[in-house]
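The letters A, B, C and D name the chains in turn, as written, and every chain counts its residues from 1.
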Amino acid sequence: MSLTQLAVAATDQDTPSPRDRLRGRLEQTRALSADLARPLSDEDQVVQAMDDASPTKWHLAHTTWFFEAFVLSQFLPGYVRFDERFEYCFNSYYESVGPRHPRPFRGLLTRPSGDDVRAYRAHVDGALETLFAHDLPDEALNLIELGINHEQQHQELLLTDILSLFASQPLKPAYREDATGAPAGAVAPLAFTAFEGGIFEVGHAGAGFSYDNEGPRHEQLIRPFKLANRCVTNAEWIAFIEDGGYETASLWLADGWSLINAEGWRAPLYFEPAEGGYGQMSLRGFRPVDPAAPVTHVSYFEADAFARWAGYRLPSEFEWERASTGLAERGKTLGAGHLRPRPAPDGPGLTQMFGDVWEWTGSAYLPYPGYKPAPGAVGEYNGKFMCNQFVLKGGSCATPDGHVRRTYRNFFYPHQRWQFTGLRLAADA
Amino acid sequence: MSLTQLAVAATDQDTPSPRDRLRGRLEQTRALSADLARPLSDEDQVVQAMDDASPTKWHLAHTTWFFEAFVLSQFLPGYVRFDERFEYCFNSYYESVGPRHPRPFRGLLTRPSGDDVRAYRAHVDGALETLFAHDLPDEALNLIELGINHEQQHQELLLTDILSLFASQPLKPAYREDATGAPAGAVAPLAFTAFEGGIFEVGHAGAGFSYDNEGPRHEQLIRPFKLANRCVTNAEWIAFIEDGGYETASLWLADGWSLINAEGWRAPLYFEPAEGGYGQMSLRGFRPVDPAAPVTHVSYFEADAFARWAGYRLPSEFEWERASTGLAERGKTLGAGHLRPRPAPDGPGLTQMFGDVWEWTGSAYLPYPGYKPAPGAVGEYNGKFMCNQFVLKGGSCATPDGHVRRTYRNFFYPHQRWQFTGLRLAADA
Amino acid sequence: MSLTQLAVAATDQDTPSPRDRLRGRLEQTRALSADLARPLSDEDQVVQAMDDASPTKWHLAHTTWFFEAFVLSQFLPGYVRFDERFEYCFNSYYESVGPRHPRPFRGLLTRPSGDDVRAYRAHVDGALETLFAHDLPDEALNLIELGINHEQQHQELLLTDILSLFASQPLKPAYREDATGAPAGAVAPLAFTAFEGGIFEVGHAGAGFSYDNEGPRHEQLIRPFKLANRCVTNAEWIAFIEDGGYETASLWLADGWSLINAEGWRAPLYFEPAEGGYGQMSLRGFRPVDPAAPVTHVSYFEADAFARWAGYRLPSEFEWERASTGLAERGKTLGAGHLRPRPAPDGPGLTQMFGDVWEWTGSAYLPYPGYKPAPGAVGEYNGKFMCNQFVLKGGSCATPDGHVRRTYRNFFYPHQRWQFTGLRLAADA
Amino acid sequence: MSLTQLAVAATDQDTPSPRDRLRGRLEQTRALSADLARPLSDEDQVVQAMDDASPTKWHLAHTTWFFEAFVLSQFLPGYVRFDERFEYCFNSYYESVGPRHPRPFRGLLTRPSGDDVRAYRAHVDGALETLFAHDLPDEALNLIELGINHEQQHQELLLTDILSLFASQPLKPAYREDATGAPAGAVAPLAFTAFEGGIFEVGHAGAGFSYDNEGPRHEQLIRPFKLANRCVTNAEWIAFIEDGGYETASLWLADGWSLINAEGWRAPLYFEPAEGGYGQMSLRGFRPVDPAAPVTHVSYFEADAFARWAGYRLPSEFEWERASTGLAERGKTLGAGHLRPRPAPDGPGLTQMFGDVWEWTGSAYLPYPGYKPAPGAVGEYNGKFMCNQFVLKGGSCATPDGHVRRTYRNFFYPHQRWQFTGLRLAADA
């Protein structure tokens, strides 16, 4: 099954009842994880390249444990765990569930084996199927919905984490071979759309799924602003490099300046000099940098410095949300099969808002007014990370289809850049 | 001259012209720095207890260098620097000025000596006096005003930094002996004042001095809220400790939980078990903790966890600013001579808003809409720190009189707690 | 082929000519590496548990590269390397050969895959077979001999490294299941054999293989001494623990005392409290500690402290060598198939001198008088490590048969203990 | 009193009885410490530049505490300690005495003040004077002798530690101004003296003082060797630098190669490029490197690499001891007043054996056969450091007169170089 087919499958919504739709999406989501792991050997799946990243096998098992711990053990009478010891191995950060294998050592788990984990998945998939034979309270359905979304997040991480592993290897393997041709040259010229100010409602409301951090829906006072039609490109970024951007202290936040000098950063992550310019490691292997494509693998510090250099700023999360109103929540996400950001199509209005790259905003990741985490262990999902991180919007080329949403608040630390992170310029109007 | 007298002097405002008033305040500020250093030996003044803190001598020299670098060398024709090499020694973080002695090594500077630095101060004081014999453009006057405020900030740091040094010593010396008697027992009971929501103007405007980060003045949408009449007390904090606050993961931000476990934090900084409860190192030496006094030396992580435990939250910087409207910008600051936070007086309304302890807010330290740093090196004063820090309001027992202001935005990292930092509870109304 | 059969094979010496014998030993050694890896999955073989240890796959490839780099590329005309990029991947520390993949990141190499490395081994094995069709100069034969011994060293490391990996895992897997029954209770009582002093020749001489660090043979002045009949046992070690050995500063070298307190060491590596005493992770899984078996996985610091506690000292390397004179160079090494140290047999004289555990000596690892490293890259084999390490003698339960030798000088840093390291007591006579 | 006069005083030996001689040496030693501190301000005396170094004030107090803890409190009836809390502050590493202020934080002790410590010294000096009014058992006299030698060691450290502090300062102050003129150009050409092999007695014996680590006297088998007439000079070292010595891996021990690359070492400590070559920070301030003077501030790793480059090796401690037999134990030590190593005088035989620079040997610092530490706390003086260090011989320009001795075994870690450490070449004969 190709990634494109998967994308179709994952967003297929012809099934009649909400409950059946949920069941279908559950199956598709579970299947997609297995598909994403398929190009990888068991060796590839077990190793952890850095503390921030997790092994593929761990993602496969952890998302499975999530259903076991929060759904099956609570709602499927007589459910027998596949292996009691897996809770210790595959709980990520749920303090209220109990002790865990420490995150930096996830890559040591050669046991349980890849086969064991695949059997674990089958065991849980079977139990979930059995579960749907029962009447299910809303709480169970909601937790299944959460489990689907949770697994989708890990699908994206699976890809960015395997990229971090492959990029660390001398042989620079490709996750998928590159079928596409030479880089496309053309890109839409930079242009800005202006938006009026006022009081606007932001945050999630209504029937569909959202994480707790997207609400409560509330009013925000937004000032007139303008937003770029597309993301910043590699060509623009290289101009920043060549203009001495990484050597000019006045462009940088103090912590960013310390960081790039301590680490020797002089380009986005995975950039390396190559014939005639730069190459960048990608899920397609080490490839020439496409000048027209959005820059990716930049930290908040770099995005912020670039915007200052360019005479602009990053948008706030609310400006971004407002500007996206009326746009379809759809773009070059995982199902498009590119596995890397693509040049903006020509045309009027805002492009690339969804998909391609996560766009750094200038908004600190903080609770919305009246925010309360969900009760119980799943309340640890979002709220406890609301410190020292910044909000990103819009989804990337590795985000599963159907997992992008106007109100979605992704968040990372300002120094992190192994995700598909880029930026879009904004300014006061 | 006692601290109380100094306080009077520092706020004395009978001088006729603005220029003369500025000159008077300059003299008083420069004199206060010397007074604050007086109880300290040259040995005390040279040592650095930790990277975040600086030696007294360094503060004395750096504030002097600030006038030399930004005022005298520009506006006093023929000004001869006291020693060209001091710029390297005493520039703090102005990248555009040039290279600096690294911050963690400020405590190695036994040379220039204390006498040299006092002579340096005299040299610059003399030159500043000479400067006032000339016509001075507004830019010069503004930079002098900035230099005064800059020196006031360092006066507070001088005190918190010497406390960090003395607390690190086995002999636990007092900066000033304790003339006061036993801890006062009584404190006003906790009560809340409710405030209506709406659109309010926040940020600095008007004639008086402010830092660039206090503006531009702009509108904020504030929701109905209520704010505690006083700061959280030591007694309340000890109840939090005794209720297992430091052992309950669900109360903490994830980064805070990691930190307190890695560092073994189980109480505010400088707390130690003592007969019948806790003692805490202070500028008055190691003293029994006063149950009625505001808790101090707590990090943002601790303040946030405490508020969650108590069923409240921290106020936003805008809520705080709004609530303080109409209150005199005055309280138990440095001039009150206590050198530590004091119990809230009984009475109606909000107390302790200014002075006693800096109050953590839940607001990330970010630029206000339309914020632009000042041009030139002084533009490095505030803007480049707008990342990963939180705003504190109100001033402390170590803040020089006249240096507190409703719109003042102090900022520290969420793990830092060597300042006089405390908290005040808030809630949605 | 069982380990016991392998042991027979590896020491089989019926083959006629030295050249044929060498060829046979080469084949057997190459086969043994593959056999040792066989119980492990590809996942097990790729992961690195700590900087000191290397993945199984890396050992398999590195020992192969050694033949390619130092034998085939020099002596087999027209030899084509399997993959030019492997030199970067699998060179360990030969500076003169060129840059290398950094040691702490050996565990990131999911590519080349396990299959690739097995193919690499087959390619080189084939080329070595071809090589033997040619006339070979002594230099080539000597390098093949060195390659065999090199691979034997890595066979031992393969086992100790996989143990470090399995010990780090929550599921505590066994490399081989335990076929043996309950711990044997009895052990020979501690007794000492006295040796006269005098001038003795030490170091290697004669026809057989030795590493360069075993020579030149030279005279040493040895004082009268006595040496224990067997190694220190777990029972004796537990008495040391229970007597407060790990809490008594006066028993320890200063650096050791710092280390055990910084790291919290209170027992040998892999010891954990278990029902009725201690268990220890082993190649047979987590097993009860056998009181009669030699203690193992102790550092030099611990061995030295134990000896002081016991009223003895460690022997020098020369005392050990002298005492071993006349004993067969044979014991419970890898071929015995125990995979862990076994209790000393009853009987007269010195037992356990070869096999079971490497015995720490009090001798710093330094060059013998007149020592000169071999010319060229293989000169980096030993000499450059002659600093801050201590000599160990005798071989362990994981040392390949035929790889123990009276003059063998193994060496590790005094803090290291993931090898099968133990001790034997000595004293002045 | 000049350093030269002090030197005379410190070696003055006309006093009649051994007890009176001891008393006189005690007074002179105590006076010398005060003299050495005199050029330093209290600020200079309180700061610690690095973990290995201690503040002057700490040296002054610690050497005083040594007499209080090991002599006065035991042998002077009714002795009252100056301040009970000083034991915590100024105990260095005597575990059996009790807990201590951690070594890396010695520089935080602004209290007790310099005045307090001087009063402490006077108090203890007075008590020692009183002590001599009593009959004293040999044990007391031996401990006083140990206390004198202990204080002499700290005198040398006081100087090397203040140099490390001054070298860390931008103003590069001189401990003493340089009265001497330009560097002397000439130096004796390198020549070697040959020594026969045989069995020789080494280690201390007889009536005079020695540390416990210098015994027991015992026989060593020494092979024929030759030893250079003088130390390696700066000119020779610069040739090593210019020949790429610091860039040639094959010259270095593996740990040394890692170290110099991690730290960026490309010259001896304190070397900096200066007009026409190199300058080096010294107790005389930053001065041009004298080509004829012995190189100093080199680590064992560097000394070992240089010797390899030059085609020689370092001598063993026993070779050095043997070669020095018959030479007066006297040279350009502290009393000579140079405060830095001086060019070798022309002439026959071995020069610079005592004084100028400590000479690295290739001998690991290990116990002599039969070594037993002294009983009690002073047994911690030497023995517990016998691991991972190397022996140095001969004393330096900062060693107090009378503190050099043929059998003296100084020891430092192979990476340390803030002492006056150099080298002399040796070879097999």
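The rule is simple: contacts are C-beta pairs under 8 Å (C-beta built on N, C-alpha and C of every residue); 3 or more make two chains touch, one makes a residue touch a chain.
Here is each chain with its UniProt name: A, B, C, D = Sulfatase maturase.
The structure displayed is predicted, hence computed values, not measured ones.
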item	value
Smallest number of contact steps required from chain B to reach chain D	1
Joint neighbours of chain C and chain B, given as chain labels	A, D
Farthest-lying chain, centroid of Cα atoms versus that of chain C	B
Copies chain A and chain B touch via same or different residues, half shared test	same
Centroid spacing, where centroids are CA-atom means, of chain A and chain B in whole angstrom	39
Computed distance of Cα centres, chain D from chain A, in Å	60
Centre-of-Cα separation between chain C and chain A, whole angstrom	47
Residue numbers of chain C (touch at least two other chains)	none
Category of the chain touch graph - line, ring, star, complete, other	ring
Touching chain combinations (by label order)	A-B, A-C, B-D, C-D
Residues on chain D engaged by chain C in the complex (per definition of touch)	93, 95-96, 199, 218-221, 223, 249-250, 252-257, 300-301, 304, 362-364, 366-367, 369-370, 379-380, 384-388, 414, 428
Residue numbers on chain D that touch chain B, as the complex places them	41-47, 49, 85, 88-89, 101, 105, 107-114, 165-166, 168-171, 173
